[in-house]
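Look at the two complexes coming up: chain A is in both, with chain B in one and chain C in the other.
And now, the complex of A and B:
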């Protein structure tokens, strides 16, 4: 009972995703394993960008520089892989991403400038940094990185990209969520003043959440590199897509509510909707209109259900 | 031992908390000038003071939420480097506030884990406080306020604090819970710990506390042992000698006006704090409202201003029932509200003129070109009448507090006033401006306006009002004629000490 109630939103999203997959199958009867695999691959950078955004949204902030940090990480890894092995390059890239996130967080905490302003400024800073590292698409991706997200594992039809993403997010997020820091992140986002009075080091918690955001952005950058095979210094369309998925995924802008699972499922929902509309040969410009409408509709519907659920008490 | 021992060597073991000569200013406002408080082992000490005496600033300093400019706080004889609530907690002082410091989006057990509180000890105290059935997986935001206070208190007790600070904990708590809270607090003292108890209720203080420290105007003015009949002494200390606010103009309070009331409020209730308010307000009358903080006066004014829906009771204007769905309805019915917090009324970055003229163009059907000439004339008239210093009129936020307040009142004068709802109009403004506001209020009443005037400064009541209603615990407990409205009488009434205490 309690489990269902607490995870109602996520379960609803899962149901919606299953329905949408069914619709896809109806429209395109030969949508199968390869379709799922390419869907999962294409969703990968969006999923990491969304995970990154979700962490800072939960702590009560927002990070507009996610896509730019992904670009920095993508080119950093692409350049490093020209001269060194894939593994050290990946580790350095992850460290770079975490450091960028930490810089964002520390600036927000120390200057007390609103997070939206700081990260907007940092969007430009990281964008420039990426172009300094590599001023046009280039570099190389280690072969194993490209293979890591291609095809299926274990059973036919279980995309590797999906499993890889699930493992990475779970390894970082599950222990974090169960730690005191995770609790502090939710507490700070929920009510900063009460958290402060409860003895939470609010400033450090925020900085740490932004660092985790940077770490997920680094994975996003690496997945971009794995996807295309070259480093791309110009940020992709990941920022607003991430905000959209976070909101659709049940996190509340303002903090304290939500998790990573819901937003990541929301990423897939948005990708599937796009696939369906493409398969149905809908004008691509109409596609974005439909996506936006669905987002507002679903969030309003959820708020309506929540109010209905609370009023009897 | 190392360098220097405490001069009060005998008191070291006995004194749990010792705060001396604490001072704190916020910009030009001196919130605390010289506050001191000691709590010894086995003692419950009441911290008392009228509104604005500096209590809440003092509490914030003791609990480490803000740092004092001067003075020191020692806990168990050791200098407490209280820099954050977490540090205050570690050094042994645990506060429980009227607003529970629990995280709404987490369940009880997560809230306990946040402060490393032992769940079993917590359960023990929750049971002791009358809540043995609490489920630890209950979400905080789903629980009623009274339960949250108990959870907050049980959590504090579970960390076995040397000094427990209870800040207005019993406000709006059901009687049986109040008794349990008092019993537990007493038990803490008997176990050799210390308790700081902040409350507006004399009955509780008399039942619980050993001593009372009284604050006035940011300094400690007395430290008395609680004994029967001490109330008068404490009230006297809280009032003290006060600044002369000027004399009432030659006219005295006029006799109670006859005829139909402009505004009739009957049995009005509004969540969360207003329970039962009834009074009449006649044209040509200034009716004062006197209450301690948070007794329901905010709700009363918000209902009358159309900002909040009442839970019960009626409001009649000129004999016709009124129900406001939007502040615009209240304004259309002639009820003009001046909020206590100027920031809520003013457009800080806009000019004086735009601020005053806003009601002209606020209504939807007045949209379209502004009637600039009309506006200009009316605004000039209001500025003239209120003697607003217009040297910095480009942006209202650059005006002094007093002048900002005049703008918030002037907005309604330019529009023509029937009924004015003033909520603490002299809060935080200088004496000179205050002296301009009283005659203005009188003058408006003289011209037939009806004025409801809440004030946190009791001395203002005889200066500006004809009568005053006193609200305590959400109910109107007394109506005082201005001629009888001595501060002592008002203060006693505001503390619920009139006639049959607590019987209502």
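And now, the complex of A and C:
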């Protein structure tokens, strides 16, 4: 019972996802394995962008430069793969992403300028950097990178893209969350002053969280490259989608509450809604209104349940 | 526990309420459309041309339109969704020639006809029907440089950095520039193909007082003329596209010398027509069909007559005036303005 209570929000999201998959099947009876695979692939860049955003939201910040960092990483990897093997190119790209995140974090900590201002400025800086690296779409992706997210693994219908994403996020997040740094991240996000007085190195914790955000953004950029096979210097629509998924996923803007599982499930929910709207041939000018309405509806409904749950009955 | 149930029930109600009936399939063709720029006059004309042409094609019974602002990864998602929707053909305006191949190949493997309009794709077996973008920029730039007598300073107002149409046009522009060594670019900006942004950029540059002799625009044109008029600056020769607003200005604004290069958004309608031909077993011999632009200027008697004939007061000022393509599109002017397709929810 306490497991259910603690994970009520996430379980609710899972239920919502299952219902939406059912609706998809209802509209398009042929929706099956290939549909699930393309859904998992489409969710990949959004999932990493959301993971990146979730970490900094938990520490009490926000990073508006996530999509721009993804663009930098995607073009960096695409250019590097023209001259070197895929593995070193990936490692360098991950390092570049982490470094960009670290620069964001250090700037915030040292200058004491609010996160939203610093990362807004860095959005433009990284956007320009991506165009300097590659002024028009180009470069190449290593073939193994493209194959890594195509098709199913183990059993038919278990998309490789989903498993890959789950492994990467788990390998980074699970040990981190259980480490001293993880505890410090949650503490700083809950109450910075209290954390500081309890001996948490607040500045270092924040900078580290932004570096992790940069690392996840790098995976996001690599997933864009894996999807399209080229590096695109113009950032995609990942920033606001990531903020939306983080909020829908149960993290609180302001910090200290939430995890990565909820937001990533929220990513899938938002992708399925998009699929449903396309399958149902809804007027494209109406679809974004529907997406936004569902999002605010679910969050409001969830908040209502939480409030009721908390008040004595 | 209760809470979870309630949440699930509410979610179910929500999603059932918003899911309309499935796409009707009465034996005719269903065509999927994918586009990644929304709210731009040219692209909106393209979408309306697609809808109008699908409406007049007797064999087409349904149209599924995925039309939003997104990147290549988002277009991949839309294309995969169209495949899942079971369409017979996909007509798309590709965001990039190479990035979409995985979905396009999957579509063709499933027997879906793929037609790219406006720009090319490299997927083997896909048909391409497009305006020649390099030629578009070359024609306009050459006219402008000749108009200036091969000597002078030019403002170069591009589209969106990193987008292939902009890159192709840049190649054409640079090709013309190489032929005229006396021409200098004093100012180069990206308008993002946004009217307000382009106008503001022109205001800003006029305010600097740096002299210049001509303006080349990548289709953000009528607001540039407006900027000159509103700030009282003397007009210089301006090159734009065949947008209704700009063509009107070329006809009516006193002292404006300029040229419009055609870049019909109605290639979208031609793309639908081509897709239906292929579905009916009448594929063209070559996979690539290029529509070459023409230039309409207002400095000769002949040019003015062409410009006047092209004008239509009912068109949106941001739409290209070349709303039909003879030999390809079959709809009427009223049908493209109505912008309604078959079987759309």
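Criterion: the second predicted complex is superposed on the first by the 312 of 313 C-alpha atoms of A that agree within 3 Å, B and C clash if a C-alpha of one lies under 4 Å from a C-alpha of the other, contacts with A are read in each partner's own complex, and residues count from 1 in each chain.
In the analysis below, contacts are C-beta pairs under 8 Å (C-beta built on N, C-alpha and C of every residue); 3 or more make two chains touch, one makes a residue touch a chain.
All values reported here derive from a predicted model rather than from experimental measurement.
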**OP:** In the superposition on chain A, see if there is space for chain B and chain C together, and answer fit or clash.
**Re:** fit
Subject >> Partner contacting more residues of chain A (chain B vs chain C) >> reply: C
Original post:
Between chain B (first) and chain C (second), which, if any, makes contact with A:292: first, second, both or neither?
Top reply: neither
Original post:
After superposition on the shared chain, which partner residues are touched by A:88: those of chain B (first), chain C (second), both, or neither?
Top reply: neither
Original post:
Which partner does A:236 contact after superposing on A: first (chain B), second (chain C), both, neither?
Top reply: second
**OP:** Please work out whether A:23 is in contact with chain B alone, chain C alone, both, or neither, and reply first, second, both or neither.
**Re:** second
Original post:
What angle, rounded to a multiple of 10°, is defined by the Cα centres of chain B, chain A and chain C, with the middle one as vertex?
Top reply: 120
**OP:** With the two complexes superposed on chain A, say which partner A:31 touches: chain B (first), chain C (second), both, or neither.
**Re:** second
Original post:
Looking at the overlay, what does A:187 touch: chain B (first), chain C (second), both, or neither?
Top reply: first
Subject >> Overlay on shared chain A, then closest C-alpha pair between chain B and chain C (Å) >> reply: 19
Original post:
Where on chain A do the contacts with chain B and the contacts with chain C coincide?
Top reply: none
**OP:** Enumerate the contact residues on chain A facing chain B in the complex.
**Re:** 2, 180, 183-184, 186-187, 189-191, 193-201, 256-257, 313
Original post:
Can you list the chain C residues touching chain A in their complex?
Top reply: 1, 3-4, 6-8, 10-12, 14-16, 18-23, 38, 62-74, 76-78, 80-86, 96, 98-103, 106, 160-164, 166-167, 343-345
Subject >> chain A residues touching chain C - in the complex, by the definition given at the top >> reply: 1, 4, 8, 11-12, 15-16, 19-20, 23, 26-28, 30-31, 34-35, 38, 41-42, 45, 131, 134-137, 146, 150, 224, 227-230, 232-237, 271, 274-276, 278-285, 287-288, 290, 294, 297-298, 301-302, 305, 309
**OP:** Mind listing the chain B positions that touch chain A in their complex?
**Re:** 63, 65, 84-86, 89, 95, 97, 100-106, 110-111, 113-115, 137, 142
